[in-house]
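Presented sequentially are two complexes of chain A, the first with chain B as partner and the second with chain C.
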Partner chain A sequence: MSAQPALMEEIGSAAGRELNTQGLHADARRESLRLLALLSPSLLLVFAIIIVPIGWLFWLSLFDEAGGFSAANYARFFEQASYIKTFITTFKVAFIVTGACVLLGYPLAYMLSQLPRRAASICLIFVILPFWTSVLVRTYAWLVILQRKGLINSWLIDLGIISQPLSLANNFSGVVIGMTHILLPFLVLPLYASMKTIDTDCLRAGMNLGAGPTATFRQIFFPLSLPGLASGVVIVFVLCLGFFVTPALMGGGKVIMWAMRMEQTTSLYSNWGAGAALGVVLLVVTLALLGLFQWLLGARATGVWSSR
Partner chain B sequence: MSIAPSALPIGMRGIEKRFGSVPVLRDLNLDVEAGEFLTLLGPSGSGKTTLLMILAGFVRANAGSIRVGGDEIITTPPHKRNIGMVFQNYALFPHMNVFHNIAFPLKQRGVAAAETAERVEKALDLVKLQGLGERRVDQLSGGQRQRVALARAIVFEPRIVLMDEPLSALDKGLREHMQIELRALHRRLGMTTVYVTHDQREAITMSDRIAVMNAGRIEQLDKPETLYARPQTRFVAGFIGESNFIPVECRNGSVWYEDRRIHTAAPVPAAGQHLMVVRPEKLRLLADAEPTSGVNVLEAKVSDIIYQGDSFVCYAALRDGRQLTLRDYCRSDVLAKMPAPGQPVSFGLDAQDTILVAAD
Partner chain C sequence: MSRDLGLPISHRQRLWLYCLGGLVLLFLIAPSIIIVIMSFSDSTLLQFPPQQWSLRWYQAYFGSLEWRDATIVSVKVAVMTVLMATPLGTAAAYAINRGTLRFNGTINALLTASLIVPVILIGIGTFFLYARIGLNNTLTGLVIAHTVQALPLVVLTVLSGLRSYDMDQERVARSLGAGRVAAFWQVTMPQIRFSIVSGALFAFITSFDEVVVSLFISGGETTTLTRRMFNALRDQIDPTIAAISTCLIVLSVVLLSVAQIFGRRH
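== the complex of A and B ==
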């Protein structure tokens, strides 16, 4: 390569390394500004519909009924047993419903992931189908099925299996059955998606290396399906904590969950401050749980999570 | 770790496999000798991977028998076959580190922890990955993953090792390096190995014998040298090495190309149409005064010359328009008589390099 002496001189006089530095720097800055400009509509939207209302909620929760600035709304949680009871009920329902969804959803997702493509997509439609019907309609349908003179009780009595109707609706079990049904797809869909990404060759390798079907499932398939299971569990659990319609209709007034308490406080007693405090507590507890969950997974993140 | 004494032969008889109504393997018979490195070579869709899957037990054949050292295994479930396998995409377990991946087959066999550690260490040594046991699989390069997969497949001292295009994901340099390493490892451990590839160079470099597969059948099973020098079908001649085919006719016990008699060292086949297989490196440029007794002379016109540094390729057309390719190294004596495009040339082909296959 023979560079022209004149050109070499010119580059040399610009002190080599500093050639065009200012221009390039300005160019990089212009680019970041342009990106920021493109982002601004969504940033504004997030600010207007998330940050502002939550800030407002928090602000509201700091005023008592008389309009005075106080922490009375939060103190109430510790003073009144009914709040603590509601809190415990909410978490009990959330745990049981999430557990039921896992027990029902894992085998279902596993079956779907093993079916041939065509059969799997037909079955998936049946999983998604309930999404096309409103939660209200589905909850009333469960009432029809589960109530004292409903389908299940009349069949069981007609068959002579029981003499007295079982109390399936308007109580705790009614709430759990209804919520499990409505939330099941939220567990099955992410779980199915993650099971589909498990490499069949990994399972084949497991068997080839001497692990029988059960051992291959336990040592390879199940650990690899955990990320999907975890996201499904988080979604279902968080949705449970704020669930309103189904517990309100299926609980028969006996099962009071957090969201129902909020509704009572604001619409029945018009105590916006207390309602806002309930909302803030639910939000904080949910975020804390998500954080805990993330941390727990992070501790064992070495393989499963980072390899995806 | 010595596997040689327990290496076992494999005998496959009458293997048939159809996917729906599409036949993939047709009445396939193949014997693999104990300790042999046998390669199944063929284009995609020739059935080589299906045959390997049947051997491993992942795919069920429609008919046939597989005997390993006398025991029928065609209905044995894969986890009881005791056959090691290296998968094309390695199929390492992403949720386990290198140590646990390699220890997996030992764990299934109930090997004690201390012995497991020792054997994993030895296997890591063997594939030159000393000290990488604690690494996560996603922290490894392609070549290292390949070695882990290999270590995992041999750590439990299987009687047979299967490899499904294990080097196809590596770049060229590393691939060639691993070919030599795999070969050396096989020599050292002596396990019966069935290797699948579509890369003829790889097959020739590594194998004791090669089974060339086409459309669900074995076209030819031979040593690499024999396969290259004496292909028995047009498919084999075309698939292994470069070839030009020239139609010839056999009559009255001799071979004719147009009105010229072709000399061949091989016995003259039955009367009828045949193909002469011409390898580019077997052709040479003839000088005008060169004696040509016992040499087949092909007159052609140069259409192009491609310079490739160490060698050159000369494309020429015969009188009937058929393409001939000559490849030679750039030695000064060859370069001195290098023709120019458009110039007539005479190519010489020795009788012992003249291969005939049936026209199909």
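== the complex of A and C ==
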């Protein structure tokens, strides 16, 4: 590339330079077309499977059951108590699960970041393996562990701590436990990656200046780890809002979350307008949260998939 | 002294942290281990630890025509998804890595859209679209939908491989007279092949383990393993699923180990 100005000087005349620039432009254009050709099959697929159906559903959501143009599908969310209850349940689960993931995930990520490299990579396997195990398998495991005659109950009864089995599965607590387990790696992986980039010189400097371990952690390490924590929190919260499998299997029909509501509305009641409106609002909330995060921190929350 | 950090904190002072972290790791891994052990139980009650051992749930799995058909469908779809998503994703990553296109940011966002858009919305939307063009309950429809979900993983994995590769090498090959395809195939490809293999493995797991979209668009003869499992779980806790789950866990372990070994050599 650095040879080009010299080359152009050698060509000398203004006409020659003009010709050269034109040639370069044509080359760049051809190159762009070739790159677009490489991208086009993927873009076409994404467009056909994601963009077109969502656009179509959005269009559907603007019509009421009689086929008239109206906002009835959206107004319903504020009027019908069952919808309001679904939203409250969904946000309640999302807040509790995100909180539990932070409480469990922060110490784990912190420990991983402090361990020697070899030990950390062995421990990381225990985070990555569940991350790549089917959600269905893990939900099934929790069903088996938490059910009335399951592991936890039979152990607690054998130990004499309780006399009657606790109802842990098929209710709110089952959904929260299962989802926390499934979403925890989504918080730990980006948090760990960001903790690894914290400069230990900063910590050492703090200790040199007389700060104890606790003060060093609280005043230096913790603030520096906040961006990583935020990206984990956002991704877990957003995934909670649209979660389907675990609440459907472990909620015992009592915990109706957003995604289940969408499935029931479309499959059971064939009310496509209402189901589509639910989907549109879910997508808008998801994008708004991710956009807000990106705007505040200038980072992409999808980084979790590349920080495996 | 924790030597690798050079901080004056001893490992003993950190004992509580290691205990806490260890407990969380146990929470993450225990369910899988419990399921694997329970799958060898002789009882229908799923006791733990099992009183008697047997392979009856594996026999129930492999002996059942329904489960076997569903497994074959899932394997077929996953293999075809890998064959679609890997070349497409690699080509896309190559183009994005150039960074010369005007809408690079938008293209990136589009290709990773399936990671962000709630999967339930993709499921309902795909079902709605397929109902119009007759792709519901077909292998083709499943492969297309799974390819879209696997694409971002292939793109991100290959992209990270390309980022640590010096594109000038390909330019040198081309200035020495190699054509574009030959330069990619003989110079770039051998150096990023581990990323491509990892991407392909992730595509396989993504397709094989996919539940929500398959729930909507598969059925009848193309019922996938996960769809059948989901429906079985809605009714009762069938111990056969413990045996199937164990097979799925083993599959994940094997694929991840292969990816890890390839990654280390890289």
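For this structure, a couple of remarks:
What we mean here is this: the second predicted complex is superposed on the first by the 233 of 308 C-alpha atoms of A that agree within 3 Å, B and C clash if a C-alpha of one lies under 4 Å from a C-alpha of the other, contacts with A are read in each partner's own complex, and residues count from 1 in each chain.
Just so it is clear, a contact is a pair of C-beta atoms (placed from the backbone, for glycine too) under 8 Å apart; a residue touches a chain by one contact, two chains touch by 3 or more.
None of the values given here were measured: they were computed from a predicted structure.
Contacts of A:Met207 after superposition on the shared chain: both chain B and chain C are touched. In the superposed three-chain model, the partner touching more residues of chain A is C, compared with the other of chain B and chain C. Looking at the shared chain after the overlay, A:Asp199 reaches chain B, while chain C stays out of its contact range. Legend: residue contacts after superposition of the two complexes on their common chain; A:Leu282 is shown touching chain C, with no touch to chain B.
Looking at the shared chain after the overlay, A:Phe69 reaches neither chain B nor chain C.
Once the two complexes are overlaid on the shared chain, A:Val127 sits against chain C while remaining clear of chain B. Contacts of chain A with chain B, set against its contacts with chain C after fitting on chain A, overlap at residues 204, 207, 213, 302, 306. Chain A makes touch with chain C in their complex at residues 28, 31-32, 34-36, 38-39, 41-43, 45-54, 56-57, 104-105, 107-108, 110-112, 114, 116-117, 123, 126-130, 132-145, 147, 149-151, 154, 181, 184-185, 200, 203-204, 207, 213, 238, 241-242, 244-245, 248-249, 259, 262-263, 266-267, 272, 275-276, 279, 282-283, 286-287, 290, 302, 305-306. Within the complex, the chain B residues that touch chain A are 56-58, 77-85, 87-89, 91-97, 104-105, 108-109, 136-138, 152-153, 156.
Taken in their complex, chain A has these residues touching chain B: 199, 201-202, 204-213, 215-216, 219-220, 223-224, 302-304, 306-308. Chain C contributes residues 2-9, 13-14, 17-18, 20-21, 24-25, 27-29, 31-32, 34-35, 38, 45-48, 88-89, 91-92, 94-96, 98, 100-102, 107, 110-122, 124-129, 144-145, 147-148, 151-153, 155-157, 159-160, 180, 205, 208-209, 211-212, 216, 226, 229-230, 233-234, 237, 241-242, 245, 248-249, 252-253, 255-256 to its touches with chain A in the complex.
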